[in-house]
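Chain lettering (A, B, C, D and E) follows the sequence in which the chains are written, and residue indices restart at 1 in each chain.
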Amino acid sequence: MSVTNLLDNWAAVRHFHPIDDKPHDPYKWAMAIDLDACIGCNACAVACYAENNLPVVGREKFKHGQVMHWMRIERYWDEDGRDYPDQGFQFLPMMCQQCEAAPCETVCPVGATNHTQDGLNSQIYNRCIGSRYCSANCPFKVRYFNWYDYPTTENVWPAEMNYQLNPDVTVRGKGVMEKCTFCVQRLRAAEVTAKGEGRIVREGEVQTACQQSCPTGAISFGNLVDPESRVHKQWQAQQVDLDKDMQEKNQKEGGSDLRGYRILEELRSYPSVMYLERVRESAV
Amino acid sequence: MKDIREDIAWAKINQDVMKSLENPRPLYWVILFFAVLAFGIGIGCEVYQYQMGMGVANLDNPHVWGLYIATFIFWIGMSHSGTLLSAILHLMHADWRKPIYRFAEAMTTFSLMTAGLFVMVHLGRLWQFYYAVPYPNERWVWPNFQSPLLWDAMAIFTYLSSSVLFLFVGMIPDLAIARDNMQSGWRRKLYTLLALGWEGTDRQWRNFRVTYLTIACFLIPLAVSVHSIVASDFGMSQQPGWHVTSFPPYFVAGALYSGCAAIITLFIILRYVFKFEEYMTLPILKKIVRLTFAIAMVWTYLNCVEFASVWYSHDAVSKDLLIQKMTGPYAPFWWAMIFCGSIVPLIFAIKRFQTNIPVLFATSLLLNLGMWLERWMIVSPTFSHGYYPWTWDHDQWPSMIQWGIVFGSFGWFTLLFMVFCKMFPSVSMYEVKEMVYHRSLHLKQNGTVEQGVH
Amino acid sequence: MHRYLYFPVMLAGFLMAIGCYAATDQQPTLTTEDDLGPQIQQPIEFPHYRHAGNRNTVDLTNSDPTKGGMEINCQYCHTYARRSLTAGIPPLQKCVGCHQNIPSVRDKPRIVELFKYWDAKKAIPWKKVHDLPDFVRFNHERHIKRFIEQQGRPVQEVCGYCHGQVKEMTTARRQKPITMGWCVSCHMKEHVVVVANKDGIPEGGTPLGKQAYWYTFQKPAETKNAAGELTAKGPNDCWLCHK
Amino acid sequence: MSKRHLLALYGDFDQAEAVVRELRNTKINGFDVNDDMIVKSPIEHPEVERFLGDKPVYVQWFTLVGAVLGGSLGFLGISSAQANFFMQMKGGKPIVPLPPNFVLTYELFILGGVYITVLGFLICAALPAKRSPLYNAKVSVDNIGILVKAEEAAIGVLKTIFTKHKALEIQEEAGK
Amino acid sequence: MIDSDSVKNLAGHPFDRRDFLKVLGWGGAAAALSGCGNTSIEDGKETVVSYVEAKDYVIPGVAVYFNSTCAQCDAGCSITGKIREGRVLKLEGNPESPINKGRLCGLGQAAVQHHYNPDRVREPLLRNGDKGEAISWEKAYALINEKLAGVKGEEIALVSGDVSGHQKVLLGNYMDSLGSKNHFVYEAVSPAVVRAANLKFYGVEMPRYRIDKAKVVLSFGADFLGTWVSPVHFAQQYAAFRKGVDGQRGVLIQAESKMTLTGANADRWLAVRPGTEGILALGIINALGVATGDVAELVKDYDKVRVSRETGVEPSNIDKIAAILKLRSPSLVLVGSAAEGYQHGLQNAAAINLLNQVLGNVGKTIEAPVSVPFPQMAPAKGKTAALKDLNDDLAAGKYKVLFNVATNPVFTAPASYKFRDNMAKAGFKVAFAHYLDETALQADLVLPLDSEMEDWGTHVPEYLADTVQINIQQPLMERLHANTRGFGDILLALVKQRRAEEYKAFDDYYGYLRSAVLQNKAALGGAGSDDDTFWNDTLSNGIVKLSGASGALSLKVDVSGLKLPTPKEIDEQYPMNLIPAVTSNLRDGRHTNQPWIQESPDPLTTIVWDSWVEMHPKMALQLGIVEGDIVKVTSKTGSVSAQVYLFPGIHPDAVSIPIGRGHDAMGRYAKGYGVNPFEIMDAVFESATGELAMHETRVNITKTGQRVIVVKDEGPAGGRQMGRKIAARMSTDQVDLSKEV
């Protein structure tokens, strides 16, 4: 079986993704986050806790760096010698960037994290043996390891609190790695429904929990290959190409007047999340 | 001074070595006791960690690797000395290796076994370890062959099993001697079984020689590949501080270095505990010391190359990390590594100290400490100070659980080694005889020495 | 010297044989053999054979339970399966809905028991027969859509793939292994693809050319096979079941 | 035509060599110097081959077969495991990537080589073996033993030759 | 269609459900070792629960959604609860609601943790010495009746938070029936001074702000993105404002002494000396140079040199702001809690509102609100002055019976009130409570309330986004604990004790509510539909939208009496201003026991699970303080000790401690974490309105010598990006927003 597969499909198994072709059909889930709209309010992070059964680790474990927030809001201030952050802070929601060439995928010894057909970086909890190599190799450090068995840890989900757990998402025990999944349970449900109806998922039919809660609508999420989707339009307008490690617009003299960029793009992991730069008024 | 007394009688060689298998001295029991104690502490820590989760090791996100991986590399590195002595020097016909290669070879095996434990200890879900083993299963799922960790597993498995075979094959004639010397009891049965009916016939020797040579030939590239692959656990990643071209040779040099240092330590201990002064002679020690010095300088050079290539490259992140290593919270350990790894071995350049046992003993321990620090300095700072400044973590300090397991691993290694020394001849008798024989040939031509005891 | 070569030759031959076997064994055999689960004590011994079993063709009025069932469609009671990931258990209301109109069996001990629950408005604590680990999510709806609605296979056959010959049981008993390998052995087979087509073919076909698969293994074949069908393997995305 | 064994022990290789040479030069009925003589020694002594004549060693062929099979089957096995139903797609890499597979092929090449070499050694050296009928523990100390097998008629001649070369000890298998 | 019966059925057997916690590898370590694999498949061991009766829409494994109203704050966001197998799993915004348009903040989402909180009160508790003794509801009601017997109306007081809708009506009726007028509406954090200033300048307490229409927003400490009035709604307006009209992005300028979440998002943040916001406003009017008459007279002394000296804002910044305000119109000036929290808070607010008048924003970006057609349902708005009055009365021993409805004055009253002691003087204290919080612990009788996910109700938000909107609150699942009751049900039971005849038609609050709504069916837009249809539609929408009449704003400018004090000299003994910060997560501390709230990093400092003393690095350097030092913050009233966090977004003369932590009761997630700044707050009041001047406390800082690691999400690099392009930014002259999608 396997050998025939190998020989019959030699060309296919030797195919380099994402450089060789345009492989995503019909889905490529991607995001665009407008940092000018992001106000840093944490609503997305709480939504993520609610949707994805994230444990609240408590003060001591937070102190030890064992917090499990799949989505974290970072707050930057580059002072350049000023006393006050008189142009405000820059907030940045950071979660798994669902890289197209994810550094975490290649290194997992058991293949618990793979690339899916719709362009996600999957994480299979039960397959994970906890070598933590993926996290070691993640430039964004957005993978979170279950240092303790949170389900049995006191006051994480005491009686009744456990009724809130989302039955569509596995509750992770100790020793497995986890991370933002782009709310895969919602995506898969939508894809399966659409497939049952012989069509593809339409724009707006599926939302991630963070996108849904964001009061300013800073997060857009959708199918990058669907020309109707907002994400597609945003990426196109910002001239950010998924399979480039250096965008042409930035090569131009004087830089670009477009805001779209991807974080640590130069590492060639081809993230699926495009950020739109924060804007500052030059008149004040 | 000669490497070995040429007029030493063959029967005395047998006698001396076989004596090391007999009832142990009290010192042996003391060492064994502490080894068991340390190992017990390690086991206790591991059981606790297994029950509670990896959090008790005080690792965190993103500082997900700690002493376990560092110590793993340390033990893997230490294993390289056996190969160096038994295989490389064998090919180079350096016959002074003969009295000491057996224990070096055992050290290889045992340090690999110790290193293997750390892979397990490190896993978050130890009970699912078998997922990483490529075996046909009903799920039709294979491990990920692209992962350097899997290469590691494969390389270590190959290396460990090859080393065990090499050790065993090389020991067959000695096992026959042991068999012939044992009167009765389970040990005689064991040796009889293990000696495979060896009688030293011409046919046996003939095939033996080719086999031994062939395995030695295989072991050398294997040893190089093992530590290169360990280096690629880091080098294949993207993280600053790990992404240096010279990593594989740097790792191999470090491995040989720590292995040689460990050989010096064990040489001195064995020489003292088993009274092997006749065989583990000072001239041989001097040769090892010089070899170690040479390797120390190679390591120092490669270390400098690594820093220089980071320094001169345009990789600001790696450079930042290097500065952080030198000046940040890890600075004391980083400078201690430089001191122990590059400054301390300069003692070996002084002739007076090349045979000074107390000095050598202390120095070799320092070198090993330096090499252990080197591994730690490779692993931890990158996690504390990677690409993503928001997640930097400069307060990370291993918990007592981590230290306990690291400590326990030394107990485990000592335990294995001590048991080995009591069970098997730790000096290769037949090869010492060969050495004596070949060295005495010229004497014989002068007719001054009679062969044997007659 | 050749006597020394026996062994390598034999070894090489052995390994070649393994290789040839691996190379030629193209289609995994669907694990069909039974792997009986434990006999489970249910609060009421529900006679599946009576409800879903084949009708006694000789004597249609025969009410002897050993002689035939009523051929009730599985989905009549297990109505959630086609609408949800989980099949669920029919509400008590459903049982009572029929049985309050069947006075003939009203006095049978099981029915008496049933009405005890109903009168107390208490749910029946059925025991789980087909249990999956909590990190696995099997989608009933999708499989029913594909095999019953698109391909028009008989309901009992489709349900029976995984649940076995329930129509011959009293209380259900696990008959198939329901392990990952067992699931996969079916996904690895070539299955007929119903192509979505706006005119003519009912809704629910696979949108060909918009198939969410990258590689030829899972893409429907370019050409129809001898039987005139387009075939494709089942999905192989881990995240479909493990989330 | 039954044969009996005879073992003579010598103190050094020179004496043993002299014995072998004499046995070779003397024609003795019922004793074939190539088939019926075994030299046992406590150390590996390449010079023995010189006076025993070249005997072939086949271990290296095992090595070759083992290494080649290990490497090629390893590569094939790994590649086809990667191309199974669950192709583990890794972003930025093909499903069957060559560099990692070469690394593993390299390891399996060595693994196959070493294992089959040891196997070959056991086969070629006929180990594990039953003890030969005459064995003296002194061979594992410092004596060189010459074990011969001869018909009854030749025993006397052999004994004479052994004694002539100052055998330290001669052991005889009991007659049948 | 949903009624209370179907909700009960929906839940099936709530406590017989499958244990969802059985997880991956769990309980399985031993099993795995014994080689049985890692899974926990136990055929025939687990029970599958089926429904007894199921509605057609109830399908196991498929979520149903019901609309209700968020009660975590008073903004009145409409929510959609996701319900599976009878349990509410997650709250999302109701897209139909004009206030939040399908969005919901973190605090709102954490309401499920309020509902499922393990520390909720589950039984009516009667004080028995130091302990609470569980009693039955009948007994509790009888006890209240007994205690009320012979007590005069003026001897009865009730304190509640903001209340609106039918609860307010019923509550009013009950108080009537008792003959008491002592209903104290108390909110620890409320824009009461701003309301007064608005009333003065615009003729309404809370106009509609149109941030989305403004080209420049100048906010004086109004944290409209985080905590102020209706943050989710304003955040949506803000998003539109940033997108801009015709691609011209709106400019946000924030002036305050301690940076708020809104300040962190400003294009220009001005660190103002505490209490000088009004001076800055007048300075800007002066710099604008467009004022005439009285106003010009008023501001003529406020030249930028003086203003700069008094406020600490650079003259060039005043010019720039004036210039942009002049250039880009309409603009909007907002006044928030930072400006109102002083003795002269009303003057501050008035000066700032004057700026709006001068700029002509009234009527453009400040619109008249729609009026609620049912004034009896309009919200009663909480004030801090109410607590002061109550406290004075309690101290005087005026009350024999005190009702407390889910407020926590013992926690939020400044320590100098001695509220705990005064409360003890009331004869019989009844607390309607969710938790045994500080106040409930002082009560004689504690009545456990349903969570808002179990209760019925109607709410009318104070700030109406668009049209009049009556929010429906309905249970999202069956009551979790058998012995809790809805607030409405309790009120109904109590009012029946007095006026049994009037209310006998209503079995429960649900019945009351239904009939009350249906009575006004026509006015609520249901003319023509039958009762059931209308009721079901109302429940399924979750809100009733009505077109209310929009009044007119007053445009008259009255600057008489507007006088701002010159900033105080530095007090040597208490040199710093204490700013009790209201954070978007914690608000007044009533939700601190929700772990998501505790573990959500504070957006600005990223600190979790603890309080901190926020201090400017420059001041810290002077005092020799580094991050993590435990300092003692001492005011005239008392002192607290907490860790220091160095933060550049604060005026060096000020230190800030967040409100909401420092509980010594309430529950496992709240108790013992952090300190309560109310404990050191001086009792100083806004001179015109009598509101507590929360920013007026002056403190000094002393090191204790201890040091801890601050538990926060931020790493040792702080807010620096170390040259990596992570959170990048551009200035408006580099970017062309009109090209964007």
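The criterion applied here is as follows: a contact is a pair of C-beta atoms (placed from the backbone, for glycine too) under 8 Å apart; a residue touches a chain by one contact, two chains touch by 3 or more.
Remember, predicted model here, so these are calculated numbers, not experimental data.
Enquirer: Measuring between Cα centroids, what's the chain most distant from chain B?
Expert: Relative to chain B, the chain with the farthest C-alpha centre is E.
Enquirer: Looking at B-E and B-D, which one has the bigger number of contacting C-beta pairs?
Expert: Most contacts of the two pairs: B-D.
Enquirer: With centres defined from CA atoms, tell me which chain sits nearest the overall protein centre.
Expert: A
Enquirer: Farthest chain from chain C, going by mean C-alpha coordinates, please.
Expert: Measuring from the centre of chain C, the most distant chain centre belongs to D.
Enquirer: Taking each chain's centre as its mean C-alpha position, how far apart are chain C and chain E in Å?
Expert: So the centre of chain C lies 53 Å away from the centre of chain E.
Enquirer: Could you please state the distance in Å, as a whole number, between where the Cα atoms of chain D are centred and where those of chain E are centred?
Expert: For chain D versus chain E, the centre distance works out to 89 Å.
Enquirer: So, what's the distance in Å between the C-alpha centres of chain C and chain A?
Expert: 35
Enquirer: Between chain A and chain B, tell me the centre distance in angstrom, where each centre is the average of that chain's C-alpha atoms.
Expert: That gives a centre separation of 43 Å.
Enquirer: Please output the residue numbers of chain D that touch at least 2 other chains, ranges allowed.
Expert: Only 76, 80-82, 84-90, 93, 95, 120, 124 qualify.
Enquirer: Among all residues of chain E, which ones touch two or more of the remaining chains?
Expert: 23-25, 38-39, 61, 709, 714, 720-721, 724, 726
Enquirer: In chain C, which residues are in touch with two or more of the other chains?
Expert: 19, 22, 28, 133-135, 184, 188, 214-215, 217, 238
Enquirer: What's the complete list of touching chain pairs for this entry?
Expert: Here the touching pairs of chains are A-B, A-C, A-D, A-E, B-C, B-D, B-E, C-D, C-E.
Enquirer: For chain A, which residues are in contact with chain B within the complex?
Expert: For this pair, the touching residues of chain A are 61, 64-67, 72, 74, 76, 94, 103, 106-111, 127-133, 135-141, 143-149, 174-177, 264, 267, 269.
Enquirer: Which bits of chain C are touching chain D when the two form their complex?
Expert: Residues 1, 4-5, 7-8, 11-12, 15, 19, 22, 184, 187-188, 214-215, 217, 233, 236, 238 of chain C touch chain D in their complex.
Enquirer: For the complex, give me every residue of chain D touching chain B.
Expert: Residues 11-12, 38-46, 48-49, 52, 55, 57, 59-60, 63, 78, 81-82, 84-86, 88, 90, 93, 97, 100-101, 103-104, 106-108, 110-111, 113-115, 117-118, 120-122, 124-132, 135, 137, 139-143, 145, 147, 168 of chain D touch chain B in their complex.
Enquirer: With touch defined as at the start, can you tell me which chain B residues reach chain E in the complex?
Expert: 50, 125, 127-128, 316-317, 320, 387-395
Enquirer: Which of the residues in chain E end up touching chain A in this complex?
Expert: 17, 20-21, 23-26, 38-39, 61, 84-85, 87-93, 100, 102-107, 109-110, 112-113, 116-118, 225-226, 231-232, 235-236, 238-239, 242-243, 249, 251, 253-254, 259, 261-271, 317, 320-321, 323-324, 327, 480, 584-585, 595-596, 598-601, 603-604, 606, 608-610, 616, 618, 648-649, 668-669, 673, 709, 711, 713-714, 718-721, 724-737, 739-741
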